[in-house]
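Okay, so chain A shows up in both of these, paired with chain B first and chain C after.
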Partner chain A sequence: MTDFEQRVCDVVAAALGESNGSLGMDSSQDTVDSWDSAGIINVMMALESEFKVAFQTEEAADLLSMRIIAEILREKGAK
Partner chain B sequence: MATHAEILRRAKSLASEVEQRGRRVALLCSYNLDFIKPYLIVSASDLGAPIAPWIAPFGQFEQMIRADDSALWKSRPEALVLLLRAADLDAELAEGIEGVPPARRRARNDELLQRVLGLAREARRRFSGPILVANFVHDRPLLDLFDGSRPDGITHLIASLNLRMAEALAAESDMHVFDYAGVANRFGTDRFVDRRLWALGRIAVAPEAQEPLASSLARSIAGVTQAASKCLVLDLDNTLWGGVLGDDGMAALKLGDEHPGSAFKAFQRALRGYRERGMLLAIASKNDEATVREALDTHPDMILRSADFAAIEANWQAKSASLVRIAKKLNIGLDSLVFFDDNPVERAEVRAHCPGVRVVEMPVDVLHYVAALATVPLLDRPRVLEEDRARATMVADDAQRERLAATTQSIEEFLAGLEMVATVGQSDDTTIERISQLIHKTNQFNLTTRRHSLEDVRKLASASDARVLWMRLADRFGDMGLIAVGIVRVEGDVGRVDTLLMSCRVMGRGVEDAVLAHLVEAARELGAKSLLGEYRRTAKNDIVREYYRERGFAELSQEGESALYSLADLSAAERWPRHIARRDAASAKE
Partner chain C sequence: MTATLVIGQRASIVLDVTEELIDRFAALSTDDNPLHVDAAFARAAGFADRVAHGVLSVSALSALIGTKLPGTGALWRRLQVDWVRPVFPGDRVTITAEVVRASAAHGSVVLRVQGENQKQLEVLRGEAVVGALGADEAAPVASAPRAPSVVAGTTSASERPVLVTGGSRGIGRSIAIALGRMGHPVAVGYHTARSEAEQVVAQIIELGARAVAVPLDLERDDGLLEGLTAAAQSLGPVVGLVHGATPPVAPVALAELAPGELRRFWQVYVGCLLGGLQQLRGDIERAKWGRLVFLGTSYQIGAPPPKMLAYVSAKAALDGLMRSLAIELGPLGATSNMIAPGMVKTDLNRHVSARALLTEAQRTPARRLAEPEDAAAVTAFLFGDGGGFVNGACVPITGGLVIP
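Right after this comes the complex of A and B.
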């Protein structure tokens, strides 16, 4: 896992109230119970303040797995 | 500023501590407030006033408040916060009051206000603690540039709504405005709501606004649940004025209408505002006292004069020693002092030797002094009573009393010379707020330290087997206001002193005997033949440990740090001291 991916995993874990290091790049809505609709909003807010990016409203619905999140962040120029 | 993830992590790590030590605060909200919770936990904890928030599912305020067995009441809150947005309460207001024809706006606003006040009053029927009610804000872009020109425009309608809310809540017991509008205005109303979060989860507070909202909430909750600081202790050189008085002389001080003198003057004005709200001011300065008094009283641009200070410690000793003397002189704990000094070395010295004192980190630039004051939480007072306003004057009277003490020979002569008049009475609408205030803030001369809520006091006052008694004291130097409270309950022919407390300012004048005489009399009237007195030890009330024993009570039992005493025969009991004249106020209960 790259440093960037590690950071993404840590931030998403914190946003979902999961312990540090408990999530990996394969984690998704299907594997994590707390990844519900309220969780997604927390993930969005956490990613925005961590990576200084902004999501469109409709992008929130895409924040469903670690891989997609990492991809969207890269598209937005986050490192 | 901490990131959202950091706040969530910190809140999580604080969770168990907050569950145990935090004050239980229930929040009822018309929108989704769950996202504020971690911010609130962190802010309150940083403030030193931890909160365990209980947040009702959003929109469920009516059901929660009105059902006696709702989850809200089961959460046993110690404070209640109502956060209701106009737009969520009223469909016609949903897209803003601009959607309502001007002719109907006032009526609409009246309905809204009555609904919110009605809910707060409904909550009061089931809950006796403090209730905070958020005021209203227009948290969306204002489309009409000239709205402020129109008396029926949104700007003035909301202002008048908030004014009427403040007036209505001020008339209720222990209800206060939570200045939601103030938070939004300082943050910027255009950015206060993030439309995305609203659309996604009915969250009406933008991510960046959550921290300011939570910290203001935490501070407001602390303001209505904790005792405020009592005294601001100030340095002089480069704090109240620019320059060094001892070196430069009075004429060279920077204090006037040009910068930087004007900034020091502004700071003094701000301090005078605190004094008017009942805060005591004191000086701890390394200077000669005579020079200091001369500067204070003769400098033409001085806002604060020597009479404005309850204590002036100008000497060459450590500041910590001065602070200890100030606390002793004013009869308050060190933890009631807030220390303001531009010199970091002095601040460190005070921190090291007076751990209870709150030391304000002062900015280097005098232009920011006033703003630094605004960040000190324990200066907040939800309500200013007449007694608070008068206190500064009363302390000045104390100085005169001390001078009298120095000129008379015996303590008897001194006491007789004071020409004290004590007025006694029973709790009624005009005294109950002050009684409650004393119950909550008196630490030293307080035998049981039972912090009854205002509502409990009300119940006791109207119970047939109890009396809530008070005493006011005046002497030839001034009126000290309501200074003592006693609560006595009688079961069969045994009376019991539930509460007995007195302002420390009047100690040692025989008033403590008069208060007991008054209590004994009330117990007798309720049919008591004997009286039980209780001492419950706290960190601060050592001063009254021997109170009952010194007054002829026999010790019945001692349990840990508490003791129970009994006075077997009330017929021969406590006499009213001869040097205090007695007046009876008309009783409210009869």
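Right after this comes the complex of A and C.
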């Protein structure tokens, strides 16, 4: 896992109330109970703050897995 | 003579096919057809090597029946056999016979017969009726394997050539290989990817079926007809079509769509087909069998994505054509169907972002994208006996992401 991916995992874990280091790149809505529609709003806000990017509201529906989140952040120029 | 035969009783014999054996058989039978004795001729006809005489494999069956099952005193009364794949020098053919039923009253035994090569690929199958001196009534044995009954008089896939347009790459490539594995002679249609098409041909020949690469220009009105004619020269009249060819697909907004681009998709999907379909109809009528499978898209089901107007509208036209052919060709023994895969990992989707691919996979109940082999498996089913009563259907291959 790259440093960037580790940061993404840590931010998502904190936003979902999961323990630090408990999530990895294979984590998704299928593997994390707190990964629900309410949790994803927290994740979006935390990612915007950490990576200085902006999400469109409709993008919340795409945040289905850690790999997708990392790919979206890369598209937005986050490093 | 075996005193007691039981249903399910089996015996096998192995035949190592060599060039010398084929030459000796050619001399014995006086069948010196160059397909059997001239490797260059056989290769030009789409085979991997000289083809062993079909009856050479059956001669091993004669030894099996006369010496093993039923054995001494057995005399052949009838044999029905389909040669499913060619046998070449270097092949090791295992012939297996299995008792299906026996009758003391008639003094006969019915054997189901199958031959496989060293790759476990079926080369022949059939049924033999053998007169057996002192045959007893065979008793069913609960533990014996119960094979499906043999359908008498069927034509094998090896006599049903197929053209796959777009057969050099992606889904078409997987379908061409799957149909070759079934034994169909396959014409691999290509537009520009000649070397890829020839690789597919080599792979199919390796599987034991005949194959040939056929160049296609489906932007011409007679594009399909020209392809069918070229395929028939090598493989015989074509009675199966898989239409998977497509222009390059990329999202284009309505405001930027050139008129020629809309026409191009409609031409390649539908406009090029008429003359070819008319020829196909005649060959299907003579063969009393035909299969047409058109490659559609899950975008036909529900709301399509934006900027895909040319692609989606032309696929919808193809869907209408498929349904009409189902009605018109059904009475001749043909079926016409469409497969509608979701996003598949192929060159066709190289314009799709990694994000979109990941999201599509994660939204799919199966949690993955479709593979070309998923589409090939459904097509193989539609070509097989099991799919014979499926006609006019559009089959989604979406892992549950799109449900009509």
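The criterion applied here is as follows: the second predicted complex is superposed on the first by the 79 of 79 C-alpha atoms of A that agree within 3 Å, B and C clash if a C-alpha of one lies under 4 Å from a C-alpha of the other, contacts with A are read in each partner's own complex, and residues count from 1 in each chain.
Basically, a residue touches a chain if its C-beta (ideal position, glycine included) is under 8 Å from a C-beta of that chain, and two chains touch if they have at least 3 such contacts.
Please read these numbers as outputs of a predicted model, since none were measured by experiment.
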Worksheet item: Just from the overlay, do chain B and chain C fit on chain A, or is there a clash?
Response: fit
Practice prompt. Identify the partner contact of A:17: answer first if only chain B is touched, second if only chain C is, both if each is, neither if none is.
Written response: first
Practice prompt. Pick one for A:50: touches chain B only (first), chain C only (second), both, or neither.
Written response: first
Worksheet entry | Comparing the two partners chain B and chain C, which touches a greater set of residues in chain A | B
Discussion item. By the touch definition at the top of the document, which applies to A:62: first (chain B), second (chain C), both, or neither?
Written reply: second
Worksheet entry | Degrees between the directions from chain A toward chain B and toward chain C, using C-alpha centres, nearest 10 | 160
Discussion item. A:28 in the overlay: touching chain B, chain C, both, or neither? Say first, second, both or neither.
Written reply: second
Practice prompt. Go through the superposed model and pick first if A:71 touches only chain B, second if only chain C, both, or neither.
Written response: second
Response to the item:
In the overlay, chain B and chain C get no closer at Cα level (Å) than 19
Worksheet entry | Those residues of chain A which chain B touches in one complex and chain C touches in the other | none
Practice prompt. Spell out the part of chain B that touches chain A in their complex, as residue ranges.
Written response: 3-6, 8-9, 12, 34-35, 195-197, 199-201, 203, 207
Fill in: Residues of chain A defined as touching chain C within the complex
28-30, 62, 64-65, 67-68, 71-72, 75
Worksheet item: Residues of chain A touching chain B in their complex?
Response: 10-11, 14-15, 17, 20, 37-38, 40-42, 44-46, 48-50, 55-57, 60
Discussion item. Considering only the defined contacts, which chain C positions touch chain A in the complex?
Written reply: 353-355, 358-359, 362-363, 367
